[in-house]
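In the two assemblies presented below, subunit A is common to both, partnered first by subunit B and then by subunit C.
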Partner chain A sequence: MEYEVTIGLEVHCEVKTHTKMFSPSLNAYEEMANSNVTEIDLAFPGVLPTVNYEAVKKAVKMSLALNCKVPEKMYFDRKNYYYADLPKGYQITQTHDPVGTNGYINVYVGEEVKKVLIHDIHLEEDTASLDHYDNYSLIDYNRAGIPLLETVTEPCLHSAEEALAFLDALRKIFIYCDISEARTDRGQMRCDVNISLAPKGSQVLGTKVEMKNINSFANVKAAIEYEIERQKEALNKGERIIQETRRYDDVDCKTYRMREKVESIDYKYFIEPNIPPYKLEKEFIEEIRKTIPPLQFERISKYINEYGISHYDASVIVKDKSVAEYFEKCLELGINPKTSANWVTSIILAHLNKTETSIEDLYLTPKMLKQIINLIEEGKISSKQAKEVFYKVVEDKKGPLKIIEELGIKQTSDDSAIRTIVQSILDNNQNLIEEYKGGRSNVLDFFVGQVMKQTRGQANPMMTSSIIKEEIGKR
Partner chain B sequence: MSYIKGTIEEIRKAMDEKKVTSEELVNESLKLAHTYEKEYNAFVTICDDAKEENNVKDNPLKGIPCAIKDNISTKGVLTTASSNILKNYIPFYDATVVTKLKEAGAISIGKTTLDELAMGGTGTAAHTGIVKNPWDKNRLIGGSSAGSAAAVSLGIVPFALGSDTGDSIRKPAAYGGIVGYKPTYGLISRYGLFPFACSLDHIGCFTRSVKDVAYVLDCLKGKDEKDMTSLDTKTNFINELTNDVKGKKVFYIKEMLDRNNYKDDYDEELEEILNNFDEAMKKCKELGMEVEEVSFDIKLLEAIFPTYFTISCAEATSNNSNLTGIIFGPRGEGKTVEEIMFDARTKGFSELIKRRFVLGSYILQKENQEKLFLNAGRIRRLIVNKMNELFKKYDAMILPAQGAVAPTFRSEDIDKLSNRYLLLENHMAIGNFGGFPSITIPCGFVNKMPIGLSITGAVKKDIDVLNIAYAIEEKYPYKGQIAKEVK
Partner chain C sequence: MITKEKLKDYAHKLMFDMNDEEYDTLLKEFDVMLKQMDLIGNIKDISCVEPMTFPFELDSVELRNDEESRNIEIEEVLSNAGSKKGREVRVPKVVE
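And then the complex of A and B:
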């Protein structure tokens, strides 16, 4: 039987701020355990929360980037439950009127465009982190109170590939907008996956299974793929899927039942009384909107449609916002888009990867690149020489013109100089001229090569080639 | 001559005239605290090493002894909220009010007893035992700020801090024959006040004169970056205090004073209380104030107590969820974290507290929230809207602070469904619903026990409330009074 897979994601991402969401402790949970805590993070009796303005601004920014509706007022709610990692016995979050609702983003799944619907995005605080040992556990409260943004999609994704494309796009938005570093390797981005299978064409969704706290995109993919197969097999056998929470084990790549969801937990939400709701003024929102840079999707679309760049190259360029900005700067300077794309995707990115540096550290500015490309176009240096110049520029941290001068690698376009060399070579190779005339066209390459050898590569190859033809013609 | 039993104003004068030093006052205050402790149980902790902070600038409270309710965080000083779950808890930070008192040079000589976690109105629910009324040891002083009320009424200190969620300052003040005041919500920072129901909680004070309230308020008022609900004020209460209240318009609620509403439990005591109130209104008129009777939907009035109870239990159950013995407090026993927390909470709270938590939890449950919690919020809104409407026309609402004098410990259970209870004993929660400034001042005696007058005004109009109280106070001989029994 054919099945339709439906997936919804809940993505937690830590917000980059100076201090925590509701306390003046530093947002730096990787430091020595329990070093960034105050009485507020530990919920000592009598403490009160104060909202981190920077986190609110970033939350609004993300909400706008996800095309969400921003509420008129910012509210916080309490989610009440007891757990060792939750000092207050409640988490301050947003339920009844979160910072963003009813949004969407377009993402590329391969070369296809997919519109992913966002149910909501809300701002909340992280819990402490727990380390479990055989007969005890340790609690690190550095993470308690770190601002978190939780993005919840509608159940609108239908494959692991789509889920991953969305996660990647979301991650890029966090990074592009400077909201989070969104590093999965540091647990800054964590994902809950809801997945169900229904017979193809069915109007009703199948029973939902939730997989909690998956910490890498690769694991999200593996978990979804495993879960699809598991549910398929079960359904084919005529078994019923149970609504439950499962845990993905990244050692054996399987999912395991954690708890059956007989009834969902009652978190007894209510409005946080210690934080007065405050108005998000239109001007405030518009100011924030202005700070959102062009995002990955719109850049890719523009590169493909306006600049005629391949989808592949466009995706490579936008992976890093600074690279995209570098590329766009090149275009602003009048470099041909395809030439820019070639330089960026091949030479520059290869160099950055090899040296493990970022484009911000690259000595070669778009202006310098423009100088090099101009020289090629003017026939003053060859493409090969251009590459040599590039590596020298980034190595010696000197401008391309200076490098060219130092290396003495100027392309000779002096007709008479080349012609003299050509003539002497032809004089010494009478037999080859005959062969050429007899139809061995590759002899021409030999002659060009000889000229290059004698000029140490400085002769303009195009010019050389046409002079050779001319001179042979005369004989 | 002893100065400690004077008002802040009198003590200040004596100190400025070098008749008494701060050290002498503190010693005297500590001595009194110890003398009365066994009998009245006003303190959880008496700070024998109390002394003034260094480098304090001159100000009215400099060098003056005071007491602080034991649900206000004091760095390095045991703060128990009169609960077993916090019986050994020593905070490592000061509440904002404590910082301000220290900066002003006021000297806390002790932490006062309360009903456990400020939940209760009797002063009988502390982990260290009951607090007695200085006017009659067989009677309760009321709560939850029982110890603070007793300490001021006994003359141990000229002022004490309390907290007020329903009437937890104002009722014990009335029972103790002293002044009790809670400001506009936010005028005094709550940072460091152990929360009972944070949308209703206020920090306020007990004094023996209205002017003394102004001294204390000037010290404690203002915006606090640590409390987002706090407010700034430009008012200098001492400077703006005046007894000229001519032309001020006040009202009382007709249904509260209508004797026909109390047919079922009318007695001489109630008659005297209501008569006393009529006398008070005459005095208001003598002061040049306009007094009007205003009708208020009795259904809303009867709903005050259930509304208060519903909201406060719900918030309390959430607010106290940090008391698990994991980070602080006695560690419970058990094999899992859940068992450990369960055990700590089972042992740490009294039955009364658990009952409130169970109720609060029930009220917040998904299936009940709409009917109970949210409806209570709506009733609260209706009452507040009505009050705000009235405050457009009137400067203050004046009512009797109570429907009976302080009960004896042997009193039979009060009928909590009677009008006398629902109306007269609980209306002061209106002040908490809307965050209105509200004060009680002594206005007479019934059955040899003090009774009080409640004056409530519009939000941020604390100065109006204080001025009206200040003027009325002068019409009575009770300013600065100390419980007769101990005189």
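And then the complex of A and C:
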């Protein structure tokens, strides 16, 4: 039987702030255990939380970036449960009126556009980290109270590819808006996946299975793919899917039952009485809206539709906001979009990858790139020479014109000078001329190479090639 | 209706246990509490009364600036811990 897969995601992402969500201790949990802790994080009696202004601003920014509705007031709620990583016995989160509801973003799944609906986004605090040993566990409270934004999608995704495309787009928004570094390798972004299968065309969703705390996109993909196959197999055998929570094991790439969800846990939510509501004024929201840069999706669409760049190149350029900004600066200076895209995606990014540097550190400014490209277009240097100039510019940190002068690079477009060299080469290679005439067309490259050698790469290659053809034709 | 079995079930869910005498004491306390709840339950015409979350209708006017940070010394962090190891608090292993 054919099945339709339905997936909903819950994505936790740490917010980049100086201090924690409700306490003034440092938001830096990778340091020595229990070094960034105050009495608030430890829930000592009598202490009260204080709300981090920056975290609220960033939460509103993310809510706006996800096209969500922002409430009039910021409320927090208590989620009550007992576990050793939660010193207060409850987590401060948002449930009845979160910072964003009913949003959406458009994402590219391959070259197709998919609208992903956002159920809500809410601001909360992280728990302490636990390390488990044979018969005891150790608690480090550095992570307790780190601001977290949890984004919850509607069950509107239908494949691992769609889920991945959404996660990637979401991650880029966090980074573009400077809300989080969103590094999965540091556990800054973690994902719960809800997945169900129903017979194709069915109006009712299948039984939902939840997979918790998956820490990399590759694992999200693998877990979804495994779970689809597992559920398909079970359904085909006529088995019932059990509503449960499963864990993905990235060693054997399988999911395992953690617990059956007999009934939903009652967290006894109520409004956090220790934090009075904070009015989110219209002006405050509009000021934040202004700080949202053009996002990945918008940029890709613009590059493709307005500049005629391939989807692939556009996706490569927008991976890093600074690279996209560099590219756009090139266009502002009047460099042809395709030429800019070629330079950025092939030469510049290859150089940055190789040197493990970022584009902010690149000595070659868009203005210098324009100088180089102008020289190519004017026929003064060849594309090959341009690359040489590029590497020399970034290495010596000198402008392209200076480098060209120092290296003595120039392109000869002097017809008679090139013709004289061509003639002498042809005179000495009579046999190759015969081969060329006999159909070995690559002999032409050999002749061009010889001219380049003699002129130390300064002959205009296009011109050289046509002179060689002319001269052979005469013989 | 609160019974000893219910209390035992709750205690186990919260991962602790008590002796019979303690359960009896708790059961008696629940008796008192439930009677008080009944008193509140008898108050009429409350459907139009808003639940009171905050004693005053005041909004936060200022939030904490994300600037200065502070922390407490490790000795203080660990001073109330029943058991510790190195710089961390040690607890019985409870893994879901």
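In this text, the second predicted complex is superposed on the first by the 418 of 475 C-alpha atoms of A that agree within 3 Å, B and C clash if a C-alpha of one lies under 4 Å from a C-alpha of the other, contacts with A are read in each partner's own complex, and residues count from 1 in each chain.
In this text, a residue touches a chain if its C-beta (ideal position, glycine included) is under 8 Å from a C-beta of that chain, and two chains touch if they have at least 3 such contacts.
Quick caveat, the model's predicted, so the values are computed rather than measured.
A.B. asks: Which holds for A:169: it touches subunit B only (first), subunit C only (second), both, or neither?
C.D. replies: It touches nothing on subunit B or subunit C.
A.B. asks: Contacts for A:90 in the overlay, against subunit B (first) and subunit C (second): which applies, first, second, both or neither?
C.D. replies: first
A.B. asks: In the overlay, answer first, second, both or neither for which of subunit B and subunit C A:266 touches.
C.D. replies: first
A.B. asks: What is the contact status of A:66 with respect to subunit B (first) and subunit C (second): first, second, both, or neither?
C.D. replies: Neither subunit B nor subunit C is touched by A:66.
A.B. asks: For A:136 in the superposed arrangement: first (subunit B), second (subunit C), both or neither?
C.D. replies: Touch partner of A:136: subunit C, not subunit B.
A.B. asks: Touch test for A:105: subunit B only (first), subunit C only (second), both, or neither?
C.D. replies: Neither: A:105 stays clear of subunit B and subunit C.
A.B. asks: More residues of subunit A are touched by which partner: subunit B or subunit C?
C.D. replies: Tallying touched residues of subunit A, the top partner is C.
A.B. asks: Of the partners subunit B and subunit C, which touch A:47 in the superposed model: first, second, both, neither?
C.D. replies: So A:47 only meets subunit B here.
A.B. asks: So, does A:7 touch the first partner subunit B, the second partner subunit C, both, or neither?
C.D. replies: Neither subunit B nor subunit C is touched by A:7.
A.B. asks: Would you check which partner chain A:82 touches, where first means subunit B only, second means subunit C only, and both and neither mean what they say?
C.D. replies: Once the two structures are laid over each other on A, A:82 reaches both partners.
A.B. asks: Shared contact residues on subunit A, subunit B side and subunit C side combined as an intersection?
C.D. replies: 39, 42, 44, 50-51, 82-84, 137, 139, 270, 273, 275-276
A.B. asks: List the residues on subunit A that touch subunit B in their complex, please.
C.D. replies: For this pair, the touching residues of subunit A are 39, 42-51, 78, 80, 82-84, 87-90, 137, 139, 266, 268, 270, 273-276.
A.B. asks: Show me the residue ranges of subunit C that touch subunit A in the complex, using the header's touch definition.
C.D. replies: 14-15, 53-54, 58-60, 63-72, 74, 77-78, 80, 83, 85-96
A.B. asks: So in the complex, which bits of subunit B are touching subunit A?
C.D. replies: Residue list for subunit B touching subunit A: 71-73, 79, 81, 86, 89, 91-93, 95, 190-195, 198-199, 225-229, 314-315, 317-318, 320-324, 326-328, 337-338, 341, 361, 364-366, 369, 373.
A.B. asks: Considering only the defined contacts, which subunit A positions touch subunit C in the complex?
C.D. replies: It comes out as residues 17-19, 24-26, 32-39, 42, 44, 50-56, 73, 82-84, 131-141, 258-259, 270-271, 273, 275-279.
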